[in-house]
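Chains: A, B, C, D and E, in written order; residue numbering restarts at 1 for each.
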Amino acid sequence: MDFSGFLMMRDEISLVALILILLLYDLFAPAKARKVFQPLACLLFVVQIVITLLPVSSLEAFGGMYQTTPAASLAKTLMSAGTLLVFLFSKKWIEEKHEIAQGEFYFLTLCTLLGMYFMVSAGHFLMFFIGIELASIPLSCLVSFSKKDGLSAEAGAKFILNAAFASGISLFGISLLYGGTGTLYFSDMPVALQGTPLQIAGMILFATGLFFKMSLIPYHSWTADVYQGAPTQVSAYLSVVSKTAAAVALFTIFIKVFGGMAASWRPVLYIIIILSITIANLFAIKQKNIKRFLAYSSISQAGYIVLGVVAASPQGLTGILYYMMVYMFANLAAFGVASLVERQCGNAEIASYNGLYKTNPWLSVLMMFAMFSLAGIPPFAGFFSKFFIFASAVQQGYYILVLIALLNTIISLFYYLLIVKAMFINPNESPLPRFRSDSYSRIAMVLCFFGIVLSGIVSFFYNKTNDMATESMEMCGLSRPKAVEETLDANPVPGQTLNTQGSTAMNATASWPSVLE
Amino acid sequence: MNLLSIFVVIPVLMLAGLFLSRTRQQARVISATGASLLLVAAVVLGVLFAAERHAGNTAEMLFTASAQWFPAWNIGYSVGVDGISVLMILLSAIIVFTGIFTSWNIDPLPKEYFMWFCLLSTGVFGFFISLDLFTMFMFYEVALIPMYLLIGVWGSGKKEYAAMKLTLMLMAGSALLMLGILGIYFGSGATSMNIMEIAQSSIPMALQKFFFPLTFIGFGVLGALFPFHTWSPDGHASAPTAVSMLHAGVLMKLGGYGCFRVAMFLMPEAANELAWIFLILTGISVVYGAFSACVQKDLKYINAYSSVSHCGLVLFALLMMNTTAMTGAIMQMLSHGLMTALFFALIGMIYGRTHTRDIREMGGLMKIMPFLGVAYVIAGLASLGLPGLSGFVAEMNVFVGSFQHSDTFHRVLTLIAVTSIVITAVYILRVIGKILYGPVQNQAHLKLTDAVWFERLPVVVLIIAIASIGLYPGWIAEWIHQALAPIVESLTVAAL
Amino acid sequence: MQDAILLKIVFYFLAAAIAVFSVMAVTTRRILRAATYLLFVLFATAGLYFFLNYSFLGAVQLMVYAGGVIILYVFSILLTSTDKESPSPLFSLRRWIAMIASIGGICLVAFLVLTNVWPEVHAPATDEVNMKLIGHTLMGTEKGQYLLPFELMSVLLLACMVGGILIARKRS
Amino acid sequence: MEYTLFILILPLIGFLSLGLLGTRLKGKTAGYVGTALLAATAILAYITAWQYFSTPGVDGIRPTLIPLNWEWMRFTEHLHIDLGILLDPISVMMLVVISTVSLMVHIYSLGYMEGEKGFQRYYAFLGLFTFSMCGLVVATNIFQMYIFWELVGVSSYLLIGFYYTKPEAVAASKKAFIVTRFADMFFLIGILLLSYFTKTFDFGLLCSGEENLFASAAGKTFMGGAVLSWAMALIFIGAAGKSAMFPLHIWLPDAMEGPTPVSALIHAATMVVAGVYLVARLFPVYYFFTPEVLHGIAYVAAFTALYAAIVACVQTDIKRVLAFSTISQIGFMLVALGVSGMGTVEANGLESHEGLGYMASMFHLFTHAMFKALLFMGAGAIIHTVHSNEMSRMGGLRKQMPITHITFLVACLAIAGIPPFSGFFSKDEILTATFMFKPWLGVTMTFIAALTAFYMFRLYYNIFWGKPAQHDHPLHEAPSSMTSPLVFLALVTVVAGFIPFGKFVSSTGAAYIIHLDWKVALTSVIIALVSIFIAWKLYCKGSSKVPDKVAGFFGPLYTAAKHRFYIDEVYQFITHKIIFRCISQPLAWFDRHVIDGILNGIAWITCRGSLAFRWMQTGQLQSYALLLLCGCLLLLCIGLFR
Amino acid sequence: MELIPMEYYLVVSSIMFFAGIYGFITRKNLIAVLISVELVLTSTDINFAVFNRFLFPGHLEGMFFTLFSIGISAAETAVAIAIIINIYRNIKNVEVRNLKKLKD
């Protein structure tokens, strides 16, 4: 028995340690000490984030059951950071409404985070499955956290039942994959994949779980209801952290495991992207509730993220990670402001934002920046992330897809501007009175603010992400997947620049003829 | 620090200063100082540029500097200017300067207004100094988005509709543009997003045919290319004065500038092949805008349609692809920029007094406010191409240049475009006749006053600029010729 | 030979039980009956596991489902005291689509399964899986061993426990 | 002769200083400054003329001097706009005419415009006009001419609209500008065409008669006409616009809304002859390369002359009569140019001067400028006193305004072609030239000359004789500042006919001695006298019923003529009904409703688009699952059977 | 055992699977819906076991997947029932049609 594997799982172990400390503290600390539970949790969490930031190289443990790469580590850092921001935004809310359950809130959230860690780092379908379940079952408890709130309960039911349904389909897909290949290890599977219909079916059914988590259309229907019903902080968590995990896992699995069957999943993703972006945008236009609105916005953002998967290149991975980082700041800022406003005025209607700038200029400015960033307006970070993810798709020759996505950005700009319009332009006789938010929220908002403003212009973030992603892809021998060679477009792109060399490891799988080709 | 970066740094510093300012007066002073500095810097740049050229420096771009930014995509912050950029910077500086003074009494939220204004100018200047496609595009969008709030908050009339329409249409253009830029970069196989380097490599024809229209329309939307021009009337009509000035005066020039600097320069083959489509569209723009202006009743609408016509002429001339016509196009950009700014400034001042822009409700204003009246007449004369003012110089270059085209199709189109000079006269004189001349329509107007110093200053500056181009176009032409040489060459080579 | 026939009969019995009871479980009006049919299905599934010589699996299935889950269902049904579903409308679009989709799905899966070229079937080991092997596999860290998922499962169960209690406990 | 530059600069200084200083200057001071500058200009022009004409040319041919030429803007290697000064007989002659008339108008206006608001502005505009007009005549190339051509148009616009609070004046100025602008567009197109083939704007090159220059245009046709003919015809349209040739004449009568001295300067003496000048300038091109266009010009001009003369016979507004008379007289000049040949040819043992028309045209231009300016100023003096333009408000003025009367009579005699006044000589040459070209044209022109005599004396008698109208204020002679220019111009009119004009100006530059063709002269004089007699019979008594009877006799023709043959109405119809109603408004509508409508429609569809997908979000938990399932199965099918 | 082809098992499991799916979509009671989920999850367990036994008897991956899957579905059921009970507390019944406050 070799337990050294645990030592390699630095990020997870630190998180588990954190979970245990908090659990025990919550259980055994005297009532007085429980007052400092939340600050302590945040502080320890910062430590955990710092640990995840330490450089790491690609490695495997437990016979390939667990594997990590710099990119995965970065994704974990991002998720942790996002969670921390959610915690900061939740502090006051917990204190006011659920002080009794504060330990549970942190515990459950961190458990789902752990599940997401394993989603990202899984090297085996079972690991992945447990990870995704760990990331969704406790999450449903969080969704119905406000027990007295009927909407919250309804959202919880919708979430858990739909999640179970999706995971059932996903599980069925895994079973087909198992039947088709005889292995559940990510590293073994590519060799066994020949692109038979059974395998393709397995793959697509399996992906249901991920698509569901990312809430891509047509797997999205729960999203808006759950975001609306759940406590705002939980919606924020769902929209950012959970999505990050799913996106990174989607990329890893589709490239690492199903890279050889790109020809099969590419049209599927193509359609999903177009549907997600377009339909979600159409829905978002009509929304009157800010949380529902943000839900649809996050669906369409997810569509953009999948562009990075379609690109299937190191730049694609960078694009996804970077997009998630930028998206995290902007979306959390939006949800943060939404939660503050909601607590103040008691509802989440967009109409209550009318004239907000007059009374609460800072909140409005932050919200506006968040909206601009989500819409991809320079000099905010969202512009850069959109540009790069589009660039990675164009690099692979997906002109039409990118064109559709780009035209959709106009629709999205429209509804993001509606929020800005509400705050700055719409007249309101009695706007929300001026209020002071608590210091934790303010710290979070300042962090988001700087994130939105700086993470684009300061190229360090992108460049670092790119280094990590490239390194990860090279280590997995995946820097040049098959998707690069054949493009959907009739016109091949001559003189395409690929700054990494294809490695041989993948060539065996890459050269499989697909049965249906 | 690179000389050119000043043009981005000053507005950013202005932003910071405004951010810290507390009162209206402070905001004004900071803006005015910044704008003056920009103007001085632009003039200094012009002088240094001229000196450098005089000293025999024949590099395409001067004062270049470059720094890595996103190495993964070979994106850098590369700046540099040629004669055309210098002129555009001068134009922008003048209009920003005059715009600040025109919005001296802006209400409400002066601080925020000036901040957005500064952001807009950052974008404009950044665009003109950039050589890197990405940076250029970024600044382009930076310049677009403040329009939404500037119109939405400080505008008038159906401002919300107009602001949204304008923003969405322009951003739709820039969405096409983004794809175009990416296509250019990947298509060229260049190892840099620097325009000058991409120009060295050639993009395959099949790709050019796809990306050229995208890029050209992308920029063309901002250049009021028919039928993507309808943001312009509503937008201009609703925008506050200085914003209309800056938008019509400078922002619309971004479109034209981008069209030749990016679309035509980098994809000359497709430009040659597809020019006819856009020539027809721009030809329509020219005549159509002018005709539409004839029956408008709102001063700003008249001017906006006139902009459609004039900017159409810019793109039209660019597509003629010879030095003379393109020189004319650049001159038309300058000229149109200055005179529309003047127009909008005057309209704003008149509107500020009469509280109407409906030409039927005004009359005999010349008697009441002679300064504004005379300035309006001068602007009108510049617009209809009176020799001695900038419009004439530009139009003649365009017409003569276009007519030198050996292809009959081009010459016939030129003749159609020439008709605009008559139609322009019709609507300009109609307005002047209606609002300035004749008996006073509204007795309440008799009490109105003429312009005060901070209104006179921008007007005088603009008139001087218009006249100086009109009287002595030689130096401008020389700079433009020099700057156009490589572009025209690549277009000519591609045509063969 | 007789064994073979007997085995066949057992299999068909189990298969029929699974098919019939699962359909009945989803069509019966009374929820308590549905739970009962589910129990039958689960029993039959356990039987299938035994049939496949996965006795351990069968045992787990029986214990967890029959012993735990079904009880949970019954309690909760009694707790929410809505034994009877409200009558459904005669024609429900969703029902029909669901039916078509389900049948289509079955056909699709059947098609996939039947047309798929399965790898060379080894002579199936008819022998029981050794408990020691199971234990090692569960606790090992090598390839093909499941310590890490096992540990993670523990977190999952703990979290579910906490979450379940959090949600289900009486308001304080 | 670089000092000629000051002929341009001085008025410009006048314009700039008066314009910029504006009301800070006292009105009178502004007038004096302007007049002084103009006086200096005039003196310079005379010196130039003296110097130019006193220098004998090579081989007796007057030289073309270009004392100054700067490149102003370069289009291409060959095409560039130069600004320079070109001195040749016609430009020098024009300088003299312009500066003289302008000076007279300046002086005259001191009295006429006294007390008007905007005195400074008036003089500034006069300065601008003089500058532009001088610039036009000394242009070294066709583009320079175009530049100044536009500038005179604008000055004319500004001056017509001088009384900008009067709606008629505003409308008239607008009409004048737009009509001439319309013609200028053709001029510009003509320039573009011409320069496209010749690759030059330069008059020197164009008029050199080089075949090579036009070689590239050879054989090229457009819609049945040679391109060169098209070019020259288009350029003529430009000239026709400025010179008010039918059907582009409509602006000129309306332009009379401007102050009368302005009419004298711009709309009688100088600007309106710019078209004639242009044709004369390009005469070699017309003559050598497109003679058919030249003949066309003659016919158009003849028709215009006839038309304008007929209309002039029935107008009642004295300035309108003079305006139509101007149109008619310009018609004479252009006819003369149109029928002209070039140089002197020996034929049938007689020296036949082919270039007679050219010389006659220029001669008539010169004399006409003087006497027409005189007529206008006289009319101005009358209007100044009577406060009306209508003939019916006048009558019997000869007693109150003796100086005006005499000078007006001199001018009438001159225009009617009675010897020894200047008009006789110039008109006689024109008639001779037309008879040489086509006798029937000569007859027509003679008839028009008779009409001219008739309507001028109708005017004369109506104003100075006949029954005095009632006035509530005493009528008096104009002040000396107004009468002195009248007297001066009258003197010029008397003597100008004896100038041996051919010595100075001729088609080739070679001196030419004017011979009177006695047959033609005698006929025209007799006919003129007869016409005057008829006019005397009809109008001298004032209360005669005969004119009405005559009018009744002509019936519809009379009515039509009175309404200027409804040409204005036609224009009104075209501009308002067709261009505004049928083009502009539909276009504006199209823009607002179709193009904008499409965009708004897209936006609407987008906003409505979510309704199409509403079934996705019923709020029903299981329909979500169903959607997921169906989507999943569909995607599965796509993945499998792509 | 070899008497019965593997496909038979698979067909049985897919019937169960799609019966579960049909039930999920059509049942009106939340608990009944949950029961349908149970069917879905159990059917895939059969698949794993069958594949492992028939195709890849050399290792225990399928079996273990089933094992863990049983655990997970039990946990899921527990939490789902907790949530359903919570709903019952809120709206006093567990009818799906009453969960339509959140829509559009």
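FYI, a residue touches a chain if its C-beta (ideal position, glycine included) is under 8 Å from a C-beta of that chain, and two chains touch if they have at least 3 such contacts.
If you're wondering where the values come from, they're calculated on a predicted model, not measured in any experiment.
Taking the definition of touch as given, a chain qualifies here only if it contacts chain B and chain E alike; those chains are A, D.
Chain B has the Cα centre that lies closest to the mean of all protein Cα atoms in view. Contact counts per chain pair peak at C-E.
Each chain's centre was taken as the mean of its CA atoms, and the one lying most distant from chain C is D.
When every chain is reduced to the mean of its CA atoms, the largest separation from chain E belongs to D. Mean C-alpha positions place chain A and chain D at a centre distance of 77 Å.
Separation between the centroids of chain B and chain D, computed from CA atoms only, is 37 Å. Chain geometry summary: the mean Cα position of chain C and that of chain E are 6 Å apart. The mean-CA centres of chain A and chain E are about 27 angstrom from one another, to the nearest whole unit. Counting partners per residue, chain B has 168 as the residues that reach two or more other chains. In chain A, 126, 130, 133, 137-138, 140-141, 144, 147-148, 156-158, 161, 165, 169, 176, 179, 182, 197, 201, 224-225, 286, 414 are the positions where the chain touches two or more neighbouring chains simultaneously.
Within chain C, residues 94, 97-98, 101, 105, 108-109, 113, 118-119, 144, 146, 149, 153, 156, 160, 163-164, 166-167, 171 each touch two or more of the remaining chains. Chains that are in contact with each other form these pairs: A-B, A-C, A-D, A-E, B-D, C-D, C-E, D-E. Of all residues in chain A, those touching chain D in their complex are 157-158, 161-162, 165-166, 169, 197, 200-201, 203-205, 208, 212, 217-219, 221-222, 224-225, 263-265, 267-268, 271-272, 279, 282-283, 285-286, 411, 414, 516.
Considering their complex, residues 108-109, 112-113, 115-119, 139-149, 152-153, 155-156, 158-160, 162-164, 166-167, 171-172 of chain C touch chain A. Listing the residues of chain C that touch chain E in their complex gives 4, 7-8, 11, 15, 18-19, 22-23, 25-27, 31, 34-35, 38, 41-42, 45, 48-49, 51-54, 56-57, 60-61, 64-65, 68-69, 72-73, 76-77, 79-80, 82, 85-86, 88, 92, 94-95, 97-99, 101-103, 105-106, 109-110, 113-114, 118-119, 121-126, 129, 133-134, 137-138, 144, 146, 149, 153, 156-157, 160-161, 163-168, 171. By the touch criterion given at the top, residues 620, 622-623, 626, 629-630, 633, 636-637 of chain D touch chain C in their complex. On the chain D side of its complex with chain A, the touching residues are 606-607, 609-610, 612-613, 616-617, 619, 621, 623-625, 627-632, 634-636, 638-642.
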